[in-house]
Amino acid sequence: MIAQQLLNGLFLGAVYALFAVGYTLVFGVLDILNLAHAAIFTAAAFAAFSLASMGVPIPLALLAAAVMAGIMGILLDRVAFAPLRARNAGTLVPLISSIGVAIVIGAVLRGIYGVDERHFAIGGAAAAPVIHLGTVRFTTVELLIFLSAIALMLVLGWILRATALGRSIRAVAEDRVAAALLGVDLERTIGATFFIASSLGGAAGVLTGLEYNSATIDMGGPIELKGLAVIILGGMGSVTGAVAGGFILGAVETLAIAFGLSAWRDAILFGVMFLLLVARPTGLFGKRTLRAA
Amino acid sequence: MNALVDFYAKHSRLVDQIGVNAIMALSLSVSLRAGQLALAQAAFMGIAAYLSAILSLNAHWPLLASIALAMLVSALVAALLAYPVRRLRGVFLAIATIGFGEIVRVFANNFSITGGAEGLSGIPNDATTPVIYVGLALVAVALFALSRTKFALAVSLVREDEHAARSVGVDVGAIRTLSLALGGAIAGLGGALYAHSNFFLTPADFGFGRMEQILVACVIGGVTNAAGAVLGAGLITLLPEITRAVQAATGANVDFFRELVTGVVLLGVILFAPAGISGLWRKRA
Amino acid sequence: MAQTRVNAGLDVADVSVSYGGVAALRGVTMRIGPGSIVGLIGPNGAGKTTLINAVSGVVRPGTGTISLGPLRLDRLPQHLVARAGVARTYQNIRLFGGLSVADNVRAGAYRLRSPLSDEGVKELLARVAVHEFDVSRPAASLPYGEQRRIEIARALAGTPSVMLLDEPAAGMNPRESHELRSVIRGIAQRGTGVLLVEHDMSLVSAVCDHVVVLNFGETIASGTPAQVARDPAVVEAYLGTSA
Amino acid sequence: MRLKPFIYAVLLASFGASAAFGAGGPMAGKTVRVGVIADVTGGAGVYGTPQKNAYDLASDDIKAGKIDAGGATVVFDVQDAATDAAQAVNLMQKFTTDGQTALVLGPTLSGEAFKAFPIAKAANFPVMGTSTTAEGVTAIGPTVFRCALAESQVIPTTVKRTHGKWHYKTAAIIYGDDNAFTKTDGDIFARELKAAGVDVVDTETFHIKDTDFQPSLTRIESKHPDVIAIGALFPEATKIIEQAGKLGIKAHMMGGNGLNSPEMYSVAGSASHGTVVGAAWYSGAMYPSNVNFVKHYTAKYGKGPDQFAAQAYAAAQIVAYLVKNGATNKDGMLAGLKHVRVIQTVLGPIGFDANRDVKSSPVILSIVKNGFTTFH
């Protein structure tokens, strides 16, 4: 049973991680919590559903939805964050404006799709052909979703490490003023950060939708709070940390249930996060100093 | 006068909700004024709500006594929470305290004394409008009185620069703990009044959604003054009913209309008045 | 504004501080008597700010003692050191930027029983040569030199026994720097001991009774400004490189 | 006002399909306003929207004479509470004080009902829950009625019937512990299984909106239960069943009212086949009004009705019946509801017991390809 549970946790953790890297990237660069990330995650799942129902192949739908999510991210920044950034509005006010955008996105989705759960014609991951491997079983689609998540995170890692854009993003995250002095175009870099973060969040939404064969208006609710736990576990602003945090969360959640503590699952999850924050305020991989509000 | 009586007869629940939400927004403003983005207000509210309800239902305590103890316990919990999070600031503090709130909610779900998800019903509905508004007035007066004390000075110094505050002799840890405890006590009042004006409690009443509501009310009203918190709470509480009236008047018969307007209003206020509604009024004055 | 306790002067005895195994101060000893002005100089990284941090309770010395008369300061948290009567300024100004000038000055009197009156605020601002302007302006909106002096006024507001000034002339124009001399002398004349960390040697020579020179965390010389200026070790370590 | 006497008759004849009085009925020219509180948006929008749809359809059907309201115009003023108890409370106060509304139907969730119904009780105002199935709802007061079969009325029969056929010895329970409806499911399944001598080998909980149930199901499978009792609403139940299928779990599955939705077979597919659902309504029931309801609802909204819609439609049929018999205001409604014996609805013949709860028998269904069938 434990082997199957660890595999369950691994699959779960991959999507958590993919969602959280976008979350943490925006925090790392801008020091703000973007509570509209979950709304973009949801919008992308619906977009992929629409495309798939028009006959677009799933991989292409995933790609297109991720790009759309990225564009939404840029718009989100222009509408909700850039005007406040220009005024040095701090961390609290952007938090509220991101809540406002999340409500608007939810309302628009409701206008387009109604309240019903939408399902992909190909069925959920659980309905796909099952692969038996020793005592564990998983389906081909689950495996593909897992591999897609990993691949996307590797691409992000490559962008951050090896490209000029990645260097700019890291420079802005390190010290915005210094980066500007070194000639980094701040607004362009921030826009690119939002594109990348949101397209990854969107991809996580599509993969979640495929995994459970479901797109709903409020599918972002649970992952929004769990995503916070993930980025704290890993260390806010640390992409490696968010990946590790995603897998740790998947494992904690799965093992809590495996040991018969399903009723206490969320308390354990947030308890672990709380204790880690208390013991190590910068998270497992965070190196940044603490910031005042 | 008759129009007023008639209005109250039709909307007394709404009036009460504004009062309770205003108290909650004020409770959050206390820690925000000390620069502490501590988002556990919904949890303090829940602890106090359940405690005062259980005291009334099981021990038949009178209303005021149950409110007093609920406030005390809620303040104590807040003060205790201040210790483990003493090294956390900004968004880190926010997330840790949100996590604390989730843990409290899971406990409320699993304890039999709270009734779990099936809730706690039959709570006496004795927090009438005058009781709620006397509570709100007392909080406002207390905060105003405090604003002229050394404590208020220390709070603003901690918000501006903790290190410099220490260098002039401010015990930053004590001020943080005190401001959290004071916010906890006020949230306790709000929670107890909520319990006694709603007949029924369920853990979902005190989740992240509630915390968001309190935070939004506080920030769009304006963090730095009591009037702002009350205005913000008023707007947030009235918005669903205002949009309902607008929807009826315009015949905009679409389900998502109210949600859309709510989001746009929220965004508009925060973008055009980052210091909140009360900030707008101040600028002009 | 009466002193809250008898000022017996500050004694730093054999103080060492290390950060993660790297020694920042090694066995430093000095005394700042009431009303005296002690200069603390040395190249960048010599440990000057570390000493101020140690005295003001920001860092805890590994060995040695720091005392204000009979009161041991080296085991007290920062805010209690401040309440005992040790005030300081910062190399990078740390005003309460969002608060008004008047509130910043009032904040300095936090340790005292009674709050500062409006007249008290004006008098203190006059003592640091800030005249004639709107005290309700946010502190962060003022020019750099004025902010420096307001920070000194804030430190003065608590009627300290000892005042630690960390490069007060940095960023000041020559006229302001010159005005600063009388401000510092004025502080000492009222009985407050002053520790002045400064790169501007003309200022140090002009106001200090005694100068301590640090290099790599150790005292390499001390004496009157004139004695120190002639010390070969100082010339080599410090003056030689910066003059 | 004195009410004219009601005709208390068991209307076995098709009550809905034939317009007995049509536009020229005894109540012609009268307008009766009914307030409806439904969560059309927000987290429970997926339950409140079918309710709204059902009232819209019922409104059309009354106009067209397919439901006989004695020729009166019945206005269903459907207001969205947005899954916000505060809005449900405000709506309840608005409806009970506007001087026009004769009866309030809803809200959607029991948690909202516990806050809103006491207001109606204080105003001596009649209200009827159509989906608020938690225990204690009707106990709030003498003006609170319910036309939805509670889980406590459905699940005991479900356990008895399945146990009688499958003779299982061990069971696992999986239920949502953060929602009054599904928590009640969990409690009642535990009680009834124990009473039947079944050993409950594992109990798992989840939260509403969860999507991944594999860890819980993996644990359940390790205990090899003969049967799995599901306390869930259909969005979670479809995923539980689908994922159980993937994990190769062969145990029998059963659940309550929450599983009575076309989504069960259309989404979970073959994994759902054989799942037993105890419910208040059978979509395939041959009552004429039900046949018409299912047909017209499907035509109008492009998908079949679920139980939320059926119970709301039944509430509208009850309202029409009361109006036809002279109830035009709140006193008339209250008196009418107290005296109702049996009304033909899409749920079958129903009435109210002494506790104002619906008197009706549950149906035990089994999921087959593309639909439900009765379980034998």
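In order of appearance the chains are A, B, C and D, and numbering begins at 1 in each one.
By definition in this document, a contact is a pair of C-beta atoms (placed from the backbone, for glycine too) under 8 Å apart; a residue touches a chain by one contact, two chains touch by 3 or more.
The structure displayed is predicted, hence computed values, not measured ones.
Engineer: State the pair of chains with the top count of C-beta pairs in contact.
Structural biologist: Max contact pairs: A-B.
Engineer: When you average C-alpha coordinates per chain, which one falls nearest the overall C-alpha average? Tell me, please.
Structural biologist: Here the chain at the core of the arrangement is B.
Engineer: Report the inter-chain centroid distance for subunit C and subunit D in whole angstrom, where each centroid is the mean of the CA atoms.
Structural biologist: The computed centroid separation for subunit C versus subunit D comes out at 76 Å.
Engineer: What's the distance between the Cα centroids of subunit A and subunit D, rounded to whole Å?
Structural biologist: Centre separation, subunit A to subunit D: 37 Å.
Engineer: Centroid from C-alpha atoms only, then distance subunit A to subunit C, rounded to Å. What do you get?
Structural biologist: 49
Engineer: Two-or-more-chain contact residues of subunit A, please, as numbers and ranges.
Structural biologist: 110, 114-115, 263, 266
Engineer: By residue number and range, which residues of subunit B touch two or more other chains?
Structural biologist: 109-110, 159, 161, 255-256, 259, in rising order.
Engineer: Would you give the residues of subunit C that are in contact with at least 2 other chains, written as numbers and ranges?
Structural biologist: Within subunit C, no residue touches at least two other chains.
Engineer: Can you name every pair of chains that touch?
Structural biologist: Contact pairs between chains: A-B, A-D, B-C, B-D.
Engineer: Note which residues of subunit D are touching subunit A in the complex, please.
Structural biologist: Residues of subunit D touching subunit A: 40-41, 43, 45-46, 48-49, 177, 202, 204-207, 209-212, 214-216, 218-219, 221-222, 235, 239, 242-243, 245-248, 263, 266-267, 269, 271, 303.
Engineer: So in the complex, the part of subunit B that touches subunit D is made up of which residues?
Structural biologist: Touching subunit D: residues 9-14, 17, 109-110, 116-119, 121, 125, 198-200, 202-205, 237, 240-241, 244, 255-256, 258-259 of subunit B.
Engineer: How about subunit A: which of its residues touch subunit B in the complex?
Structural biologist: Those residues of subunit A that touch subunit B are 27, 31-33, 79-80, 83-84, 87, 89, 91-93, 95-97, 99-104, 106-108, 110-111, 114-115, 225, 228-229, 232, 236, 263-264, 266-267, 270-271, 273-274, 277-278, 281, 290-293.
Engineer: Quick check: in the complex, which residue numbers of subunit B touch subunit C?
Structural biologist: These residues of subunit B touch subunit C: 150, 153-154, 156-157, 159-161, 163-172.
Engineer: So in the complex, which bits of subunit B are touching subunit A?
Structural biologist: It comes out as residues 32, 35-37, 84-85, 87-96, 98-100, 102-103, 105-107, 109-110, 159, 161-162, 208, 212, 215-216, 219-220, 223, 254-257, 259-260, 262-264, 266-267, 270-271, 274.
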